[in-house]
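Across the two complexes that follow, subunit A remains constant while its partner is subunit B and subsequently subunit C.
This part shows the complex of A and B:
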């Protein structure tokens, strides 16, 4: 009878122990090791210190790679928000069958292989691609434009690849808004633009913050798309880490770059979480 | 006044709907373009193609390197998904309804691989295994994939458990059912869609993973996305377009099945 006295709706925390142990050994321990290795002065040992970090932070090239990676994320996230918000807005206002179609179009890129998605952009942006063919047919250009291996092309491709991560939280946030609020705003004489700016947009802030966090984190770590659409000319943090670790076998430096990149990502996550808490307070006030 | 209102409404709706349709085209275009190009009769990725044929799909049948890589990817994805579901569902049960602070900390830990750069984790795992003297193998690959795939199972199972009405569990217990019996007959059937959706996303994430595989595979274990990536870096091969076509069709088919069985789209919003 003892079991009946326990709260039957709560399972024991013990059940999480196997995964906790698995993470301790295969996730936390390797990351700690990465940190220790980043303090090594040279690949073959030679004492510990912050030499690798000093090398990174004192090198204009390395700082440039970090800066352009973080800036790339900002551009992709902004484009995703601009294009993704209307999709979520349309989804919430559509009849049932149209909701299904929009959802399929949004989910498809999320689940197709990232190499396939990136490959598609190579076909679209290439010299014989669809954009160049259309522009030449219209007589707007004589010779094919170079769009592949440019930053503009990369931003558009990344925005398409990551947009589902923006649209899904936005749909959640917009669905939660009481439609009566917009009606009330209209009855009180506000136009559609004003209602959107003063009611809908502020109330959807939690969704915007959540979407931006996911898109940003995905865009700056998107190794495959960055290397295939960006080409060899543009270097971003993930490829920089891979080159140092794999081609040059400089593990301590690769570890230090990884730690710096991890710290940058964690800082961004922390910032967005802070914004998220503020925006939830704002949306509920 | 009335005219200004009309203008206001029209300009707003047209702007929003126009942008939304443009984005939907942008979202769908790459998939459509790849499907069309994969049926080309020519040797290049020109769009629109000069003619249509199934020659590149026929070529695919003989591409044994791709077959080999695909088999590896499917097998690693199946193992990682199985491991993720067993570990992830148990962990989700443990932390979902627990009021303890340690449960919240574990929840954040289990979800953290979702935002951390997978490449940094792949590198750290390689250092870890080589320090311990384990050569990279299929086993290290499956372990690495499980770390990055288990968050999807945990997240979806926790969400399903949060929607489970606790009164049902109390009712079952008060009718004399044991905890195990209640789990099998009440809890599990109700959270099964969440587990299926999480497992599906975990499988796709493993099948598609490059950053972890790059570091943790051995020379004999060629993975499909890496093979495709390396083929694309070298030359633009139309066989890859046909392979992409096959992958897109399989993904859509699986997605529709999971949508029917587990309501995938409801779980992602």
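This part shows the complex of A and C:
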């Protein structure tokens, strides 16, 4: 009898083999090639070593580009969280028909290409754009403000473009919270704010972590939006890599920057995951 | 090329078959791929050059894959044995790089019917020049009432926050830097005065575009009113009713030849040659010279007329005389350093 029973909790690794093979060929192998290339001393060969890494890490300007890219991601993620959380909360608390409408509004941006959305932002932020025209009509400003090609404009545009990535995990996390918990908290004498702080927010932390992770990764690598709304004088890592690889044909340095960027992003992801694990402990405590 | 469902299906099936039976790929060639430039050139080539080529070559299949010169080089360099492009189009800087890196096939001059008719500077055996590009000042005639006459006008106080430039990734940006360096006593070997001048331009700068194509968007949005610009790049905007005009500054507009090359190891060498022949032919060049393309011809049998004769030069000899030609071999020597420096110094 016992021999017929299979342990259903054992992972069947073979099922993952096709995907694993796909990743090995199309992701791991190119990455290894990239790494080997980054060890070349000069674009036309000339020995192997860590010269490219030394050049990047010893250069204040390059480190500045890396720092401003990672910082840009933080700002975009914070703005997305601030604006996205109420939307997700509203979605969970709304009646059925309103849920549909909110979901449609959230998903709508995903149905148009990121290039189109970014161009819309050029129209909105321009000197004769909607924002400037409204402010001038209201008499609040005399000359148009410069918003396009500024970091503030870029953060707002990126936040809108990446918003679904934040809202969707938040909705999932908030839906999973038992509404009776909030009622119980109210019965026990907690106000709305205290209930939110002590019950809802901690329970939704896994969703916050997942949303932040997705938004962050998407924001710092958004080549199109960064170059169209940010312009040619604001240099972030994706454009830096493109410039070195294409315009300057310096593939080893471009490869080294890519690897460093990857490592920096992995570090951030690891930090987020750590937060996620801590939050799970917190939520269950 | 128009993508129909049948076309797409065919391609998908062919690709599938090539994947399943890799032996097929050896004999079965892909269609000719011509990497033209984006924007005006893509539209012009799609409308004039491609039909002329197909008509002369029994409806041979070909694909336009528009991209910047530097991206063409990257793509060919990534797979030099089996390049994904057959015909490259290059500005002078990248052309020298491509030749130096051994990515181009010498043009079979003795077989060519049109090569000998090209004006002398266009006769380059590494790849002939099918047209010239010119860079001068572009401005919005609605807001700039007195047309600018000199590069120096960009520094005038009334253009505070109205000027657009591009960074040095493009021929336009680099050519402009060299030109203003020359204006202040520099040269292709010494752009120090150019950087100093751009530094003084900062209060006037509204935008540093990442590529020349963005300048067009910025004009359309009223973000900038004046910028160094490419004569051909604005023609399509103008045709669509965007208020933008070109003027050659009195110091002389910058001109450079654009060369067309057969890619080394191309599987479609013969068709590539035929396409280039079509691009050099007087018929195609004469059509491309007309509105709305206004592309400057290099074939001496084509008489310059219309808008080009009015705005730029009445014939190729005058073009040679009036325009400024820069030494791109010299520029390439230090361009990487300039780009690094521009990254660091030009922040607005």
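The rule we apply is simple: the second predicted complex is superposed on the first by the 263 of 285 C-alpha atoms of A that agree within 3 Å, B and C clash if a C-alpha of one lies under 4 Å from a C-alpha of the other, contacts with A are read in each partner's own complex, and residues count from 1 in each chain.
Here is the rule we go by: a contact is a pair of C-beta atoms (placed from the backbone, for glycine too) under 8 Å apart; a residue touches a chain by one contact, two chains touch by 3 or more.
Model, not experiment: these values are computed from the prediction.
When both complexes are overlaid on subunit A, subunit B and subunit C end up clashing with each other. In the superposition on chain A, A:123 makes contact with both subunit B and subunit C. When the two structures are aligned on the shared chain, A:258 is found in touch with subunit B, with no touch to subunit C. One of subunit B and subunit C touches more residues of subunit A, and that partner is B. In the overlay built on the shared chain, the residue A:180 is in contact with neither subunit B nor subunit C. Contacts of A:163 after superposition on the shared chain: subunit B is touched, whereas subunit C is not.
In the superposition on chain A, contact of A:248 is made with subunit C only, not with subunit B.
When the two complexes are overlaid on their common chain A, residue A:148 makes contact with subunit C while staying clear of subunit B. Once both structures are placed on chain A, subunit A residues 119, 122-123, 126, 128-129, 227-228, 245-246 are touched by subunit B and, in the other complex, by subunit C.
Residues 4-5, 8-9, 11-13, 15-24, 26-31, 33-34, 37, 44-48, 87-88, 90-91, 93-98, 100, 102-103, 106, 109-110, 113, 115-121, 123-128, 131, 143-144, 146-147, 150, 154, 166, 169-170, 172-174, 178-179, 182, 201, 204, 207-208, 210-211, 214-215, 225, 228-229, 232-233, 236, 240-241, 244, 247-248, 251-252, 255, 264-265, 268-269 of subunit B are the ones that touch subunit A when the two sit in their complex.
Note for the complex: subunit A touches subunit C at residues 61, 119, 122-123, 126-129, 146, 148-149, 227-228, 231-235, 239-240, 243, 245-250. Those residues of subunit C that touch subunit A in the shared complex are 68, 70-71, 73-74, 77, 97, 161, 166-167, 169, 206-211, 214, 217, 221-223, 335-336, 339, 343-344, 346-348. By the touch rule above, subunit A contacts subunit B in their complex via residues 3-4, 8-20, 22-23, 26-31, 33-34, 37, 82-87, 89-90, 100, 102-124, 126, 128-130, 133, 156, 159-160, 163-164, 168-169, 171-172, 175, 191-193, 196, 213-214, 217, 220-221, 223-224, 227-228, 237-238, 241-242, 245-246, 251, 254-255, 258-259, 261-262, 265-266, 269.
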